[in-house]
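Some notes on the structure that comes next.
For clarity, chains are labelled A, B, C, D and E in written order, and residue numbers in each chain start from 1.
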Amino acid sequence: MNLPMLWIIPALPLAAVALNLLFGDRLGKKGTSFLACGAVGLAFAAAIRAVLTLAARSPEERQMVETAWTWFRVGDFSADVSFLLDPLSAIMVLVVTGVGFLIHIYSIGYMAEDPSFRRFFLYLNLFMFAMLTLVLADNYLLMFVGWEGVGLCSYLLIGFWHEKQSATDAGKKAFIVNRIGDFGFLLGVMFLIAWTGSVNYERVFAAAPHLFVAGGSIITLATILLFVGATGKSAQIPLFVWLPDAMEGPTPVSALIHAATMVTAGVYMVVRSHVLFEMAPATLEVVAVIGAATALMAATIGLVQNDIKRVLAYSTVSQLGYMFFACGVGAFGAGIFHVMTHAFFKALLFLGAGSVIYGMHHEQDMRKMGGLAGKMPITHLTMLLATIAIAGIPPFAGFWSKDEILAKAFATGHYGIFAAGLLGALMTAFYMFRLYVLTFRGKPRFEEHAAHGHADAHGHDAHAAHGAHDDHGHDHGHGGPVKESPWSMTVPLSILAVLSVAGGWVGIGKPFIHGESWMATWLEPVLGHGPHMKHLSAPAEFALMGLSVAVAAFGIFMAFRAYLQQPSIATAVRERFAGVHNALYNKYWVDEFYGAIAVTPIHQGAMRLWRFWDEKVVDGTVNGVGYVLEGVSALLRLFQTGYVGTYALFIAFGVLALFLHFLRS
Amino acid sequence: MVPYLFLGFAGLLIATALMVVLHKNPVTSALFLVLSFTSLAGIYLLLQAEFIGMVQIIVYAGAIMVLFLFVIMYLNLQHDVEKGAQIAVRRGIGWMVGALMLLFAGLIVRNGGFSPGPVQAVPPSLEGGNAQAIGRVLYSRFLFPFEITSILLLVAMVGAIVMIKGRPAADGAEGEKE
Amino acid sequence: MIPVEWSLALSAVLFTIGVVGVLVRRNALVIFMSIELMLNAANLAFVAFARQQNSLDGQIFVFFVMTVAAAEVAVGLAIIVNVFRLRETVFVDEINLLKG
Amino acid sequence: MAALMQNEVFQVALWAMVKVGIILGVMLGVVSYLIYAERKICGHIQARTGPNRVGPLGLLQPIADVGKLLFKEEFTPAGANKIIFHIAPILAVFPAIVTFSVIPMGPPPMFVVTDINVGLLLFLAMSSLGVYGITLGGWSSNNKYALLGGLRSSAQMISYELAMGLSTIPVLLRSGTLSLSGIVDSQGGAYQIGGTTLPLPNWGIFHWYLVLPFFIFLICSFAETNRAPFDLPEAEGELVAGFHTEYSSMKWALFFLGEYMNMIVICSIIVTLFLGGWHGPGPAILGIVWYLLKLFALLFFFIWVRWTYPRLRYDQLMGFGWKVLLPASIANVVIAAVWLYWRANA
Amino acid sequence: MAPIPWLSLLVFFPLVAAVLIAIMPAGAHKPIRLWATLAALAEFVFSIPLWWRIAPGQAGFQFEEKLDWIPAIGAQYHLGVDGVSGLLALLTTFTTLIAVLGAWTSVEKRSREFFALVLALEAGMLGTFFCLDLLLFYVFWEAMLIPMYLLIGVWGGQRRVYAAVKFFLYTMAGSVLMLVAILSLWFMQKEMSGIPTFDLHAFYQLPISPDRQFWLFLAFAFAFAIKVPMFPLHTWLPDAHVEAPTAGSVILAAVLLKMGTYGFLRFAMPMFPNALLVCAPWIAWLSIIGIVYGALVAMVQPDLKKLVAYSSVSHMGFAMLGLMAMNAQGFAGSMMTMLNHGVSTGALFLLVGVIYERRHTRKIADFGGLWKVIPVYSVIFLVVMLSSVGLPGTNGFIGEFLVLLGAFKHNVWWAVVAATGVILSACYMLWMFQRVVFGPVTHEENQKLTDLSFRERLVFAPLLLLVFWMGVAPQPFLDRMQPTLDRVLQMTNDRAQVLAEMAAPQPAPVAASLVMPAPAEQGGAR
């Protein structure tokens, strides 16, 4: 049997990067897109092949390790460049390559007119490489390579339109916030190294039970630090602030990186480290609470945003919160399941939004949309399916995963968190359908021709006001009618729509079928049974499902009511709760808060350090020594009259002194 | 007879040396210096250092002092004017220092406060003369310092010439005149 | 044989006269001459010791001192001539080019 | 008195005094007739007779001259440095006389005043002191021609002294001593190459490596004595009379005396170093004769040269001294040293 | 023993080349730079065998050359190379080549003297790395200053004289103390064995009482700390860097700063282990302050070169911290950081030099939007910046990670505080990058900038190669340095123990704590 050749999966996009870098200027757009998509497609194929090989094995042997080379080895510590494929990473790798491939294809259409087409695919491929490294790594350090690598690509892609101040600001913010998370992650890894002497998953997990006391302070500290890393990458409280800003990037980027793949890396990491987290219940509590809080907070902010991508961004943050509180309650499998389904429908949502934006000639404000259903039928349909999926209506994908999370939360007795999740589901359904309604239903709130003149004239206003405007200088389609996007965009939409509908069926579990769901079975070799996991009775399960569906339905109804049938309700509510609205609209002023407590003081403190400490104190001391010497020499200079006679006299005195010395001895 | 000669030369030496210092006219000073060098050469002869004595005359009297005279004449120096309080103070300090120094030195000499090392049992062979003996030592044990000295002289010569010639670009005309 | 102390005393006197000359006079040339006097005082001591020690080394040193003196005079006089060209004086209390 | 006569030191001193007296007397006589000879020879070279009125063939002319000079007016220029003006002529004579004390004029001890082991150095020392008389005379006259003459002479004499001193070194190398008597001794006997004796006296001049020094020494002698063609210090065409422009009467006579004495001294030295000194055929007692013969021949040569060659320009003089004579003599020292070393060790 | 005095050739070849270049005709700018480059290239090629010929498994010195120098005081001309100095020497020759090549067009006036001085500097640096005799070390150490002083003082910017003098005096102040300490050691050695020597091997064996060590260590540490530069002694660096010409900055950053850490590793630490134990926490905390402080101050610099200079302070803080951690990871990390810093910061200075040469300004505010105008430059800048930030996969990460790991093993708080430097480095670098490269082109002059020439690409290509090589496969580097580092560590620990026992009859507790605390909590003590 051939080796699965795991390393080829990340190597393919990397090769594409190299080729693009070297020969990209000769390839032209077609060649570039073929190269980039081809590489990812091949990687997808290789991933399928590897996973099939894995699946062919018996569940206990479903683990493949491939060591490429020893990265570095110092003293008793060593780190390898080696790859691991097990059921967990198999899911991730398939999602990453699969969704990635679709988004690559989508991008061909979306970015067709951008002058930096080649650079875009370069970054995208680089991202694929980093993400696959992250997912396939078999130790924390190599994972960290991917971890930082995706951060870098995210930085580059957010700031893709680098002439736009807000874009580069957002990119920088993303990178730095991620770095803060990485700081935690790195320290967490160091804890592991210092105590277990290794970064290899297998060895760490094998050694952990012997070296750590379950619930002890060390393991708690280590896992908390790891979780800090996860909050950075996966945009949880308190480090979520970068993700909404990241919408400055091109929409396919938002779909791929900031919805489907990269942001889930934190979840993946936590799930990957479940052995450790399970040993630290306190950490799990923290994870759960933070996840729930994030889910709620992001959802509330999402309620009032007007920018279509921002709504999706907050929805992403919120959904990530779900995943984390799934992990926090011990339902790691459910977390990963939600990662998968979320990848499908959220990618679809973003791509759909991208399609809308494309069709609307770079208009992102939902208040200026409406009634697009007829003009963009495929987009409309696929978006609708995705919205239903995220709202949690069975049998769409989102329902299964979200319901499992809520059920697990309830089952483990986290009722508060369960309640928060339910509330979050309500709001999710509401704001998602608000988005749907505002975009596709009702009457168009734009004038097809005048609107664009208007947009042109006030392009800069909008730019300044929202800061999140997909205005990137190229002027394709300005002034044209709103129409459906090209096939390269609609085909991926359609495929993702299918997945959004059916993707969740792999997780249909207990109440419907006998035994564990296919998903749980598949993940079992990695996650184990979770002995503490209580199962609810079937009626209770059904009751919970009913509750969540009802909540979702209520949310949908409210949305239709407030935004389609009686828009005055929305206005009234907004005016009634102006303060709350304001807080939500301004995202609870978190950015401003961080600015006030961290950014400004550090900046000013640094300035003071430089101007006062460095230039006055340290250099002052140094120069002071000089001045003192100068003073002393000015005194001594009096002796240097310049007259030879004086010198001769001094010499004579010296001779006399010498003579005296001789006389005395 | 030798001690008398020594005393005579010594008296001459001190007298002329004093005149060097005291006389206001530099030319006269120089001439007295020549005389004192010659007296010193006489003392050298008495101390059985014939070679050094002759070289003293050749080098000091014959070369160095001629150079002095040459320069004095070239600069056309007349009697020094030495008046004023500053000079008086200086003179006072100078003589005082001199007196002290002499006192100390005298005390040291009287106390035998010098230890020049062990006396060589065998006096140096003077067959072939003092000059030959010195030559033997000079070209064997002191060969390296000797060579160094020759380089020193060369350097001094070049230095003196360069200094006197001045900067060629700045005052080429002046150089021409000289 | 002349006692070495005589020569040393003579040398001391000569040296002192040189010192006084340097300190008292203001004519650079005379100061120079006084320096020569001091050198000669040292030479005298060398020769006297050489005689006392039955060694030629002292005389060799005198030889070297003379060479150095010759070099010194050549350079020194050149300097004085240059200074005279510049300042029109050879009086050391009117020249303070060395002042830093 | 008898005790005094017994005292060894006194005896030595007395003998020296006697010799000095004799030499001084003889020298004065020789000098006056040397001047006479100069004028006579000069006259004949210029196809005239020279002094011929005072006494037979003018032989009493020198006495008359002395008488005239004695009675001439002493003139001291205004602004002259009087003491030095007076001392200078004395300084001009004194070195020459001193040098005579070491010249072996015949076989020792009778014809040698004193024989010190650094005799040659004494000669060099004294000739270097000879500068003072001229220089100071020129300076103290308070006359620019005199001053220039004095400066010229000091520079010239110092320059040529170097070559002169260096040209004596091969002689020293051969004889291995600085004593003039020793040098003369080394030139006694017959000339030998290898084992064979040649019909030649063993004089320095006949050794090939001493030929060049001989000529260098000779040329330097002209310069040292300020005689033509090197008589620039007193070049009458340019400097009136050079350093002695302002001198008259006996002071002038002393300068004159010094110059001619110097000539005699330097010729004696040449004889001693290169021409075998007092050695010659016949018994040793004839040495004084041989010595005088050689000396007079050389003096004649000096006079002959003076009236034959024109004067050099000053820069030619200096260039010749520093760029020709000095390198040549240095080269010769090296060659002679190598040759002698090789021969001694062959 | 190789019959060819290879190390001496390496040291003196550049010197000879410098002399030859110095006597070339002054105006011939083009032949001069060509020959200088050829000389630097030849030197680099000569030095490449260091990579293979230093047996990776061997810890001690190799290719030793020993000649009497001043027999009266036992000073010797003693050269040798081991893994650490070999790598640093390679870095030196490489950097010099790059610097010379980079200075082709930037140095217009007195180019002959400039290149001659750069080559002379190279000779001094190599000598410093190779010599095993303390007096010789001191001589090279001081000799190195002179060319650098002149490079700054003659070819520098506006305040070049101030900077040059500051640089010189600062360094001098430390090295004079070091000289005193060296002499003191010499006297001790003479007293102990009767044989006067400056030999390093002898000093390694010399028993010194702990209280005496303390002062000697301080003297050495002061000299090296200035060179590193450590926190309160760093202010010469920004001035020197800002005023120095590009090539000078590159060499200064890439090699000269390493002298300090190298000095600690080679001299101060193994010779005075007990004093080190006392001082290590202080030095470590100073390094940590340096890391954070350098990063903070770098953040607010308006001048590109100054920013890079302060980032050097931060990075060199990592190198010092690694040394003070006193374990394998810390040492290796420190050494890697030195090499990385040489490559990355050298490249950064070159990059700043490139735009300075075109625009004659280094103010960040004068730039902006460069990506649009000069994309190739910007991409290289990006990569180098990321390597400086310590992105995994580039060289910077390996060093920083190992240092942090070593520090973590020694004292958790060291690592925690130092790791904030990782965040801050991202802050200042990205902010700077954003202001320089991103955004619209704000200055008209920048519109006409030309992208990198072929020569400049040639300069950066090997640097980028190294950035990735050392990031992706650093093991060859680590293999070469580790035996030596282990030996130093071993020697330091052993000596500490022996000397402490000698000072006090009962084993001193400090000696035990030097041995790295194993995971104290094994089995869950906490």
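A few points about this structure:
By definition in this document, a contact is a pair of C-beta atoms (placed from the backbone, for glycine too) under 8 Å apart; a residue touches a chain by one contact, two chains touch by 3 or more.
Fair warning: this is a prediction, and the values are worked out from it, not measured in the lab.
Distance from each chain's C-alpha mean to the overall C-alpha mean is smallest for E.
The greater number of contacting C-beta pairs, out of the two interfaces A-B and A-E, is seen for A-E.
Taking each chain's centre as the average of its CA atoms, chain B and chain E sit 58 Å apart. Centre-to-centre, using mean CA coordinates, chain D is 77 Å away from chain E.
Distance from the chain A centre to the chain C centre is 90 Å, each centre being the mean of its Cα atoms.
Look at where the CA atoms of chain C average out and do the same for chain D: the two points lie 33 Å apart.
Of all residues in chain A, those touching 2 or more other chains are 645, 649, 652, 655, listed in ascending order. With touch defined as above, residues shared between interfaces to two or more other chains in chain C number as follows: 19, 22-23, 26, 93. Contact of a single residue of chain B with at least two other chains is seen at positions 51, 55, 63, 74, 90, 93, 97, 101, 105, 130.
Chains touching one another form the pairs A-B, A-C, A-E, B-C, B-D. On the chain B side of its complex with chain D, the touching residues are 1, 25, 27-28, 31, 34, 41, 50-51, 53-55, 57-58, 61-63, 66, 69-70, 73-74, 128-132. Of all residues in chain E, only 166, 169-170, 232, 234-236, 293, 296-297, 299-301, 327-329, 332-333, 369, 371-372, 386, 391-393, 397-398, 401-402, 404-405, 408-409, 415-416, 419-420, 422-423, 426-427, 430-431, 434, 437-440, 472-475, 478, 482, 519, 521-524, 526 touch chain A in the complex they form.
Chain B meets chain C in the complex at residues 2-3, 6, 10, 13-14, 17-18, 20-21, 26, 29-30, 33, 36-37, 40, 43-44, 46-49, 51-52, 55-56, 59-60, 63-64, 67-68, 71-72, 74-75, 77, 80, 82, 86-87, 90-91, 93-95, 97-99, 101-102, 105-106, 109-110, 114, 116-124, 130, 133-134, 137-138, 142, 145-146, 149, 152-153, 155-157, 159-161, 163-164, 166. Listing the residues of chain B that touch chain A in their complex gives 90, 93, 97, 100-101, 104-105, 107-108, 111, 113. By the touch criterion given at the top, residues 1-2, 5-10, 12-27, 29-30, 32-34, 36-37, 40, 43-44, 47-57, 59-60, 62-64, 66-75, 77-82, 84-85, 90-91, 93 of chain C touch chain B in their complex.
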